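If you scroll down you'll find the structure; I have some questions about it.
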Amino acid sequence: MSKKQVSLFNDYTKGVWDQNPVFKQVLGMCPALAVTVSAMNGIAMALATTFVLVFSSFIISLIRKLIPSQVRIASYIVVIATFVTIVDLVMRAQFPELSKELGPYIPLIVVNCLILGRQEAFSSKNNPFRSVLDALGMGTGFLIALASLGAIRELFGSRSILGVQLLPDAFEPWLIMILPAGAFLTLGLMMGGLNAMILRRKRREEADILSKHIPKTYVAASEGQEV
Amino acid sequence: MKTIIAMLVTLTIIGVVSGGGLAMISGWAAPLIAANKKAATERAIFLVQPEAKQYEAVAEVPYELYRVLDEGGQPTGYSFPWEGNGFQGNIRMMIGLTPDLATITAIEVLEQVETPGLGTMILEDPFRGQFNGLKTEPQVDWVKGAPPTKENEVQTITGATISSKAIVDIVNDGLARLRTDLAQGGDK
Amino acid sequence: MSSVTVTEAPTGQELLLSTSPHLHSRWTTKQLMWFVVLALVPCVISSVVYFGFYQLVIITTAVVFAAGTEALIQYLTKKPVTISDGSAVITGLLLGLIVPPYFSPAFTALGAVFAIAVGKMVFGGLGYNIFNPALVGRAFLQAAFPVAITTWTIPQFAVDAVSKATPLAAFKFDNVVTPLTPLVVGNVGGSLGETSAIAVLIGGIFLLVTGVANWRIPAAMIVGMLLFGGVLWLLDPAAPDPVFHIFAGSFLFAAMFMASDYVSSPVTGTGMWIYGLGISLVTVLIRVYGGLPEGVMYSILFMNAFVPLINRYTQPKLFGEGKA
Amino acid sequence: MIFKTFPGGVHPPEEKELSEHCAFERMPAPSIVILPLSQHLGKQARPLVEKRAVVAEGQVVAEADGFISAPVHSPITGTVKSIGRESHSSGYAREALVIVPTEAKEGETLPEPQRLPALDPAIISVADIRARVKEAGIVGQGGAAFPTFVKLTPPEGKQIDTVILNGCECEPYLTRDDRFMIERPDAIISGLQLIMRALGVSKGVVGIESNKPQAIASMESAVAGQPDLSVCALQTKYPQGAEKMLIKAVNGREVPPGKLPLDVGVVIQNIGTAIAIHDAIAHGEPSITAALTVTGRGIRNPKNLIVPVGTPLSEVIAYCGGLTEDAAKVVVGGPMMGVAQHDLDAPVMKATSGIVILTQDEVRRQEETACLRCGKCIDACPLHLLPTRLARLAQLGMIEEAERLNITTCMECGSCAFICPANIPLVQWLRLGKQRVVHMQRNR
Amino acid sequence: MELILIFVSAALVNNFVLAYFLGICPFIGVSNKLSSAFPMGLATTFVMVLTAIVTWLIYHLVLVPYNVEYLQYVSFILVVASLVQFVEMVIKKVSQPLYRALGIFLPLITTNCAILGLALFIVLKEYSFVEGIFYGVGAGAGFTLAISLMAGIREELELADVPAAFRGAPITLIVAGLLALAFMGFAGMITV
């Protein structure tokens, strides 16, 4: 791949993991916690958010040079709120059930720190194409986070994932998983677990580098063994 | 000054475009949303009145009340949305009644925020079914931990006593209101 | 940092070096903890007497899983395994004693694992947790299995029909105030360890007399209950009298064994009073106005969250800064 | 009877019975004398003699260097063997003169022991009292070894109304002050009156803990009929003898942090200091002996001794029958604040009040665990500090926060570490924290 | 009485942060020091009350009469944002110390879902003007309580041996979870 391609590719992928909005940047936490009682809700929320994110990024990137910086935030908010209203209207018209489930959290996409944050950090400085890629990447990352959180909570809280029962009837569902406390705890434990894995890998890599670049005897000596 | 004008102009343009766009989409969505809402209400009206075929709104009372009719247009009872406090928040339900208000045909919970899996058992049949054909004179009563012995009693759900009582209370509250209003209005 | 160097003395004996003080009181962590375990024996006995030998299965499960979880986590994170200090045993034992009779051992085990893993180890283990681990375990179980944990079995020798529900549930839902005698003896429904005030008091007074538990917290809780419970009783005819409040449910048990947990309670004397009074206040409010019949567990957890702030604002005045 | 006291503190086992019945004995001259130039708080003394010089008992061999300093006198007649760094009971080697007794050779005469001229305590002037206390090299016997004449020369404008003699001896095991009060009450009263005269004060109090009934009786009969003197019996509790605590108990005043007893109108002196002052004036004796208790389960014959300053610990121990089989720790001072010794060549010094030898059983270290936040250390701290938090802050290097929480106020009494069930070496951390705070303040 | 119940309900029983998941980002982001958490709570309370007032007026005096409820989100957020900006400017002019204590938090708060959430809930629950204000005060008090408790706990945890992997956001979320468990005791106490 050419250098340019690599950087475009990176525009997309960074949001998926390295800068995952939920796990790494701790943004957009409210919807992440509130709606993830099931995988389906998480996915729907993430898709709605991604829709708003992508379109607002596109529009804002297009008009970025026309907006005076003093009314920057206000303009972003209006653009975002417009798309959120569209999502909300469409959902209420076409998917009344889902709209009822996600309740007041759809309008709150307006203030989702993730969306505003991306406009400030990226779309206001880059061309529409890259902004859309960035938005798609962040959206994917958000989707991964919300879907996995929703899946775990649904599995233990209702024995199923995406409505498919996976655990036997003998398994008593843990009600706490679909309560607020369960949301915080699950996400906290997930993040801790991920961090532990990352730390472990880092430590192992460091050990590898050490053993490759430092003469054996030195390593042994530093570990206090007789050489 | 120039920047202020630029600011105002930008915001106005964005506002107008956004407002215009939304007005268009809303124009498309509003009837659909209204239809959805109407469908939901209708579904609920007939859910608590399985026999009924048509309905009409009763205008004499300052709240929603539907008189349901059979094929021939004869009144067969009332469908009646009412709400009150549950364990966590508001519970809104539809109550089906016979014309003399002495018997409940069925109930349906429309909106609630009770604890999933616990308070939400009020939505399910072991509990809800108890209201089919329940007598309402002098009022609906509840018992805890034992099957009901009287015609106007329901048994509360273990672990969700409060939600169960809330349903009973809402029914009684609505009935009381209805009785006074209909007695005055002389609807029969 | 503990610099214990050994050198040769002219007499040929090895001399120990360490900094002052060179004397130490007889208390050690281990000893404190095992005293608490000892103090809980009367409650274990009363649970067997009232609810049968099967309860030992629940209690043992809780202890084994609590201690096992601690050992496992310490082993996995390559820390010294310190279950012999007895603190995890207490957590397990207490958890076992605050679940209902015939509670599922599987749920108990899950609660014990959660209590130690999330209530204690993620904070860094002994001494660092903010919330009382045993109560974290119980609150988890209550939120996960609310029906199972409010299903009460009648004691073996129950004489009256009233004791089907716990005295507090009977009060809340049927407005029945259980008389004092069964409450004191323990012949009522309730969690394994809490029903008998006599058993609780034997263990509790043992802890207070030996100085293991600080007397201030139980004292503050009882004073607070008399105060707030009394005021409500006078104002609101529907509220029960304060003595009923003290003897019903897990109030005494929690006052003696759980609110007095060092780690999750304030370190200053004034702080302990505020903490104890706060627990009583929240307990009364939940019991009288809340949706739940019993509020002691939530009150303690709620006040646990205040402990850092309480400690900060009740710092003792430096000697010499009070008066000239 | 309710005894006065202060809030907080701890109750270590008292263990006074090992030596409280032993009357003072004079220990014979040792085979070698190691005379540190720094036996006091402040600047070390400047030597006045050369190697191989012959010195007389009582001769000044090093002079005070500066205001807060004290001269050193030779405790024996002998030859200066060397001047250099020698063992010191602080654990660090310090500058010292080493003197060995000399036999008179043919034709030579050894110098006579020197004494200062005796003065009449009844008529001595304030200036003479201060001069004599300074000349005699007297330092506080209460542990800190602060040059006494400094305390007797308060800055202009300070109003002092009370002198308290500290007869608490709150450290477990030690019985020196107890024996002094039983054996020499009149010398103590004389010393107290001299201090009062030097400071122009008309109120003198002797504070004694309730576990020394004999001493209380003895001192009470000594003050009988003297309306300006009194005995104050105090509750037995450590650290009752710490000056701030003693003042609080005796007259309810609190010395603010960073201030001195002087600032609340009080001067405190130890019982032993009073005797030293009396002896220096009435008998012209310079500070060449130390009175101390040698005790503990690790020594065969516990004793209360008068020992020439500079005697190596090993000789004192040998004089008391030597260490027992299970002796494990030799502490100079009391067990709560004293310093454990690794080198028994270290000498007895002017302010050495005791040697405590603890056994294996007594010093077995308990396992250290994390802090339980039991608050016992906070209840115990007589200065109302937060030992647990200060120690943790020191451990994590959060020095500014430790400073904000007044770590430097800590007097290292050890009450907190004594009571701590988690066996955290709190005092050690507190010391480290204090050092780092001082260091940081210096760099500011 | 009803008003007090609304207040208690919003503050304790249905705490915005712990039960409704609103304002989580500042709750996690600004809770590491009590000295910033508490002012943040106060500033949020202030903005919430303002929001309750202006959005109620807009909704009932403009949106409903002209049948343009679909402009709710756009208008609410825009008005709140400009209002906060205005208040910030006023505070800066009037009192520097107050600005330093509260002002710096104000822009952060605008883009915080608790504010918009409040406005939407007031519409959804059909509160009257005065009820809306009490609701705003209660929600703000609940937010202040939660974020202050969290800050106290996090300062304490700085001295604790929290495993490296759990430092920061994970332990904060777990504490929030345990706080939510503790607040469940108030469930069913008051329902408004």
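Residue numbering begins at 1 within each chain, and the chains themselves are lettered A, B, C, D and E in the order written.
One rule holds in what follows: a residue touches a chain if its C-beta (ideal position, glycine included) is under 8 Å from a C-beta of that chain, and two chains touch if they have at least 3 such contacts.
Values in this document were obtained by computation on a predicted structure and should not be read as measured data.
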Labels of chains that are neighbours to chain A and to chain B: C, E
Best-connected chain pair, where connection means C-beta pairs in contact: C-D
Most remote chain, CA-based centroid, reference being chain A: D
Farthest chain relative to chain E (centres taken as mean CA coordinates): D
Length of the line joining the C-alpha centres of chain C and chain D, rounded to whole Å: 47
CA centroid of chain B to CA centroid of chain C, Å: 45
Distance from the mean Cα position of chain C to that of chain A, given in whole angstrom: 40
Distance from chain D to chain A - Cα centre to Cα centre, in angstrom: 68
Touching two or more other chains - residue numbers and ranges from chain E: 70-71, 74, 161, 163, 166, 170-171, 174, 178, 181, 184, 187-188
Sites on chain B at which at least two other chains make contact: 15, 18, 22, 26, 87, 115, 118, 162
Residue list for chain C, restricted to those that touch at least two other chains: 118, 122, 124-125, 128, 140, 143, 146, 291
Chain-to-chain touches, reported pairwise for every pair that qualifies: A-B, A-C, A-E, B-C, B-E, C-D, C-E, D-E
Chain D residues within the chain E interface of the complex: 370, 389, 392-393, 396
Chain C residues touching chain D - in the complex, by the definition given at the top: 1-5, 7, 9-11, 13-25, 27-32, 82, 85, 124-128, 214, 262-263, 265-269, 272, 315-324
In the complex with chain E, residue positions of chain C that touch it: 77, 118-119, 121-125, 128, 130-131, 136, 139-140, 143, 282, 285-286, 289-292, 295, 297-299, 301-302, 304-309, 311-312
Residue numbers on chain E that touch chain D, as the complex places them: 159, 161
Touch list for chain C against partner chain A, complex: 107, 118, 122, 140, 143-146, 148
